Amino acid sequence: MGENGTFWLPEGASTLSPEFDSLFYFVVIVSTLIFLGVVGGMLYFSFVYRRRNEAEMPEPVHDNKLIEMASVVIPTVLSLIVFTWGFKMYVKMYVAPPDSYQVHVRAQQWSWEFDYPNGTKSIGELHVPEGRPVRLIMNSKDVIHSFFVPAFRVKMDVLPNRYTSVWFNATKTGEFDIFCAEYCGTAHSKMLGKVVVQSESDFTNWLASSQKGSQTPVEHGQTLFTQMTCNACHTIDGSPLVGPSFKGLFGHEVKLADGSTITADENYIRESILQPGAKVVNGYSPIMPATYSTMASEDVDALIAYIKTLK
Amino acid sequence: MATSTTTAQVDSNHPTHLQHHFVSSEQQFDASKMGMWLFLITELLLFSGMFVAYTVFRVWHPEVFDHSADLLDWRLGGLNTLVLLASSFTVALGIHYIQIGNKKATVVNLIITIVCAAIFMTIKYHEYTGKFEHGIFPGGHFHPHEAFAQYNVPYAAQFFSVYFVMTGIHGFHVLVGMGLLTWLTIRTARGDFSPEYYTPIELTGLYWHLVDIIWVFLFPLLYLI
Amino acid sequence: MSHDTPHEHHVTPIKTLALVLAALMSLTVLTVAASRVHMGFLNVPIAVGIAMVKASLVVTFFMALKWDNKVNALVLMIGVIFVVVFLSFTLFDTAFRGDLDNVDSKTIGEEQRAADLLLGKTPGEEHAAAATAAEPAALDGAALTQKYLCTSCHIFDAPTAMVGPSLFDVGSRLSPEKIRESILDPDAVVAEGFPGGLMKPTLDGMGFYSKVSDAEMDALVNYLASLKGN
Amino acid sequence: MWSLGKRKTSFMNEMASSAAVTEANPAASVNYLNYDKSIKSWLLTVDHKRIALMYLVTVALAFLAGGILALLVRIELLTPGKTIMDVQTYNQVFSLHGIIMVFAFIIPSIPAILGNFVMPIQIGAKDVAFPRINLLSYYVYVVGIIIVLLAMLFGRVDTGWTFYTPYSESIGTPILFVTTGVFVAGFASILTGLNFIVTIHKMRAPGMTWNRLPLFVWAIYATSIVQVLATPVIGITMVLLFLERVLSIGIFDPALGGDPVLFQHFFWFYSHPAVYIMILPAFGVMSELMATFSRRAVMGYKFVALSSVAIAFLGFLVWGHHMFVSGQSATSSIIFSLITYLIGIPTGIKVINWVGTMYKGSVWIQTPMLYALSFLFLFSIGGFTGIMLGVLGVDIHLHDTYFVVAHFHYVMMGGTVIAALGGIHYWWPKMTGKMYNETLGRIACGLIFVGFNMTFFTQFILGSQGMPRRYYDYLPRFEHLHQLSTVGSWVLALGLFLVAGYLLFSLKRGKNAPANPWKAVTLEWTNTTPIPHPHNFTSAPVVTRGPYDFHLAPEVFGYTGDGAVADAVPTNDAPATQA
């Protein structure tokens, strides 16, 4: 199954996963053995004692006290072992080490938003340092969600009007899936995210780089795209609206109203944002408001960076 | 419960109220009564939901609940308690009299019971309207007028939600009870019942006592503490 | 078997009933009296205790459980037990909420109020505050013009035209009905000097017509109607 | 009056009633099916046997509806992204599937159909204690379901069957219908339970002491207790949810200062015991099947009988294990987890007892027995995975994933539905007087077994690999298992339709059933087929033996011909109702 995972479990990437896996497999194996015993006995009996003739009349067998006792004691002992083990882990999984790095998580239909101590924000992508305990303090803007990272073996419901928290200590760098595990309406299955585990240094760099605008340029551009309401007139899926779509715009030929064509590069896009009337795309009317001419240049860059990604 | 016979043939030596699938009136009476008791505990668990909600929010905000209770008039609540207790008594009397075959007395007592119930509901009606006038509504609609500004604190809304829902559902049960009692009064007057057969009165009596008991708890929880 | 018992029902004597009634009445007075005296947390157990005594009186004598078939008593007992189970097991959670510190025992609203109090501000009402949080600005037309991106083509606070005409005085130009109509069917009347056939596809494009609720629509219209210029 | 002391009669007399009728008594031709064939006589019947059959039809329709929805869900999940329906539709489809299967199908399935038909006869009663309430509860149930379905016309219901707040409050009007419908349907459940408890307490034939009750009756008894105690709470929960919506009373809605987790407590206080409403009757059927087809008394009768009741009560103390990640206090998580084991153990021992019943028995592999064996296989898997989910630490990872989905399908479908099918096949001859095609029966059972495991075992792996439940779309790496699961669902469906096919066919063409095709010894089998009218017994039976005293059987049946009493002496028909 999962890339480096086992048959039952996906690849583990937190300090909790090895312990979890051992308990999980302990229960699986014990259960399987008992299960085989039961089913084996069942099949054996149904063959050996199959009815041979209509009239055969088995003598009543007296209940075997020993088996009765065994069948009470053994499972009781086993389940008590498993219970204690499971309980220990439960506490461990929910009590974060005091020195944890704290990130605030805000869930809403249907996205995850992460606030880092230094004011950095990120949407849909949680960046964490490798080998440092991270504590997520979560709440929801609307309905109940549930924060679930299979690779870390952690899950916690995210409630409206109440903070809940969960912690983990990532042991592998890389990207791991975040799911919303509590049904939260239409786009529940789209409420996904990624945990990006980075080496301590990469992580600090990322924090620094995304300090301004508190996001990576692309993310910032994406935010602007809705903030500045570009999406009212421009789609990112190729369908024309009031204005041309941004999909596959960058680096392609654009036919202008005056018949000439031009390659859509940074300059063209910057110009079109700042002076909408300058080069109007063929088939569209020159109605884009001039309100964007005042945009800060780094915002324009961010927007361009974002448009670049819209292949 | 069951009173008339069903399609099955009835042996001549059987009283008309005995259903064909029972062996004796006694078995039928026992069955009906046990059925009623089971129904009563379902009622109990129905209300338990509200009591749980009450307790949970009281444990979370004792001071608010304490405070909000002042808005309810314990005099009216207390009076209602006495009225209901009295009605329970008269129902019990009604059963006593039918057991000894005094139908007239039974009818009288049932009527008194109905009157008590009516008084109870009237008082309740006044309490409700009194609250509504001052903008005291359950939950989200809870916006007490200036006069009661000091009661307008967080979670007071929960208290009044619980109050209105609990007393509302209870009031509904009282109304149902009144209906049943009226029906019984008519049947008793018609002479359907006798010391041998008075199951419906017995069962309705049990129901009525339960309604009384619920109130016995609602009164202190909502009005006093 | 149940029907082996002789056909004899216990008749509760009137005297007993009367005595029980008297007891109940006096207990009612007692519980009221007790609640008037302030005994701190004691008030609750006392009130509940008295209520239980009253209830058991009713059950034992009025409901004649004392003389009734034992199984009925059992039924009642089980019922009561499970009410207690429901109550106590729910309290195991609600009373200990947050014991592992992975859940806050207080709601965010409560925490904010506490913070406000510290800062000497008058705490806002939780449900009022929360209610608005629940339906984001459902009644705030201005916010809706943001939400539905009206602001990208119209200006609301100055007589400046953009893609569409300025709406800062629309309230004085159009009746609420007209406003509603021109939102729902923009091309019915197109303000002169402005391109037609734009607003409809734009709004459609962003799914305005499917998203907007009646309440929001009303709010929007009221807001616009309220814009009388200046 | 009867009393054991006075009227000790031999096992013979008990047989006599039925036997007499098979041969001599012309009255035999008058039975509950043919005494009046008019539609009205069916719709207004107060006869528990006819009501059972009406339930059978209705519940089967509900199962069909729910099943089709399930197939749609599986087809949609054949590929990531859109396959046949959009996300809105999908969310409604799986919600409707859940609501129908839980409230309209599984809860009434065994108790209302088999319980209604078999239980009164097994205890030698003429009918349930309150026949008219029995009929009433049928109609209440139908009305409730109709109201729920109405909700679908009034907009989208995509809450899942759990109606968690605050989401369920946000969907508007439809939730009002759903809550009302569930509330009403709940009443039906309460009335049935109440009726059965009283019946079992007050209507037993002379000599039918508690330790002579067939285990099916014990199971129905335990189930009824749960129905009576738990259902009112879903009632009040639905009322509160309703008021939350219309009056915004703010008990559950966090926006108004309510607590959404409190709703989960209310919901699961009913819905976990409801799981036992679903599975306990299946235990009862299992005991009957294992005994009859092994021709041996169930191993540890007393234990199996009492453990049903014990489970019924313990079932109320574990609801919180549905909420380990909900934000409830650790205190309650721990308590609930621990008690969850306590309830796991008696259940496990039941399984061992059933297997033990075959030991030194005479095991006769007929279709019903095949279902019983499949039950042991599937239910064990369901049980063990249940234990895994009960382990606090493990549940954190598995909660709300396909692992849970697979688990409760193994218990509910692999357990209850398989047992129900076994029971239907077992009692079909008694209910309809017809035999179905044995070969087809076995083939269908095989298909169902294979299809079921294909459909749901894959989901265990999906779940533990991290696939969350109620997802319309999923990551590519889950695709293969989903496809396997979907294909499995088709095999499963094929098997079920086959069953429906040959059972219906048997009504028209099936050969007449003998009185006792399985050589069973509980009262319903020693009676004639079909059951006589107006009373279940032409002369009231007096019980003088345990429910599984097969060693007494030869003297009774002698195993000649159809297994009905061969050498019984006709007795004069005692008056049906004697005081």
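Labels for the chains are A, B, C and D, by order of writing; each one numbers its residues from 1.
Methods note: a residue touches a chain if its C-beta (ideal position, glycine included) is under 8 Å from a C-beta of that chain, and two chains touch if they have at least 3 such contacts.
Everything numeric here is computed off the predicted structure, so don't read it as measured data.
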## Note on the structure
Of A-D and C-D, the pair with more C-beta contacts is A-D
## Note on the structure
Taking each chain's mean CA coordinate, subunit A and subunit D are separated, in whole Å, by 39
### Query
For subunit C and subunit D, what's the span in angstrom between their mean Cα positions?
37
## Note on the structure
Rounded to the nearest Å, the gap between Cα centres of subunit A and subunit B is 53
### Task
Could you please state the distance in Å, as a whole number, between where the Cα atoms of subunit A are centred and where those of subunit C are centred?
32
### Query
Can you list the subunit C residues in contact with two or more other chains?
2-3, 71, 78-79, 82, 86, 90, 94-95, 100, 102-103, 107, 109, 126-127, 130-131, 133-134
### Query
What positions in subunit B touch 2 or more of the other chains?
23-24, 27, 30-31, 34, 38, 41, 44-45, 48-49, 52, 56, 139-140, 154-155, 157
#### Entry: Numbers and ranges of subunit D residues touching at least 2 other chains
1-2, 166, 201-202, 229, 233, 250, 254-257, 259, 261-262, 265, 327, 330
### Summary
So the complete set of touching chain pairs is A-C, A-D, B-C, B-D, C-D
### Query
What does subunit D use to touch subunit B in their complex?
1-2, 46, 125-127, 129-133, 190, 194-195, 197-199, 201-203, 228-233, 235-237, 239-240, 243-244, 247-251, 256-259, 262, 265-266, 534-535, 575-579
### Message
Under the stated contact criterion, what part of subunit B meets subunit D in this complex?
### Response
1-2, 6-9, 11, 13-14, 18-24, 27, 30-32, 34-35, 38-39, 41-50, 52-53, 56-57, 137-141, 154-155, 157-158, 161-162, 164-165, 169
### Message
Applying the document's contact rule, which stretches of subunit D touch subunit A when the two form their complex?
### Response
87-88, 91, 158-160, 164, 166-167, 170, 254-255, 257, 260-261, 294-297, 299-300, 303, 324-327, 330, 333-334, 337-338, 341, 344-345, 348-349, 351-352, 355-356, 358-365, 373, 376-377, 380-381, 384-385, 387-388, 391-397, 399-401, 461, 464-466, 468-475, 477, 481, 550-551, 553-554, 559
### Summary
So, in the complex, the side of subunit A touching subunit C is made of residues 91, 94-96, 139, 141-142, 156, 161-166, 228-233, 235, 239, 241-242, 285, 287-289, 291
### In the complex, subunit B residues that touch subunit C
23-27, 29-31, 33-34, 37-38, 40-41, 44-45, 48-49, 51-52, 55-56, 59-60, 74, 78, 81-82, 85-86, 88-89, 91-93, 95-96, 99-100, 139-140, 142, 152, 154-155, 157, 205-206, 209, 212-213, 216-217, 219-221, 224-225
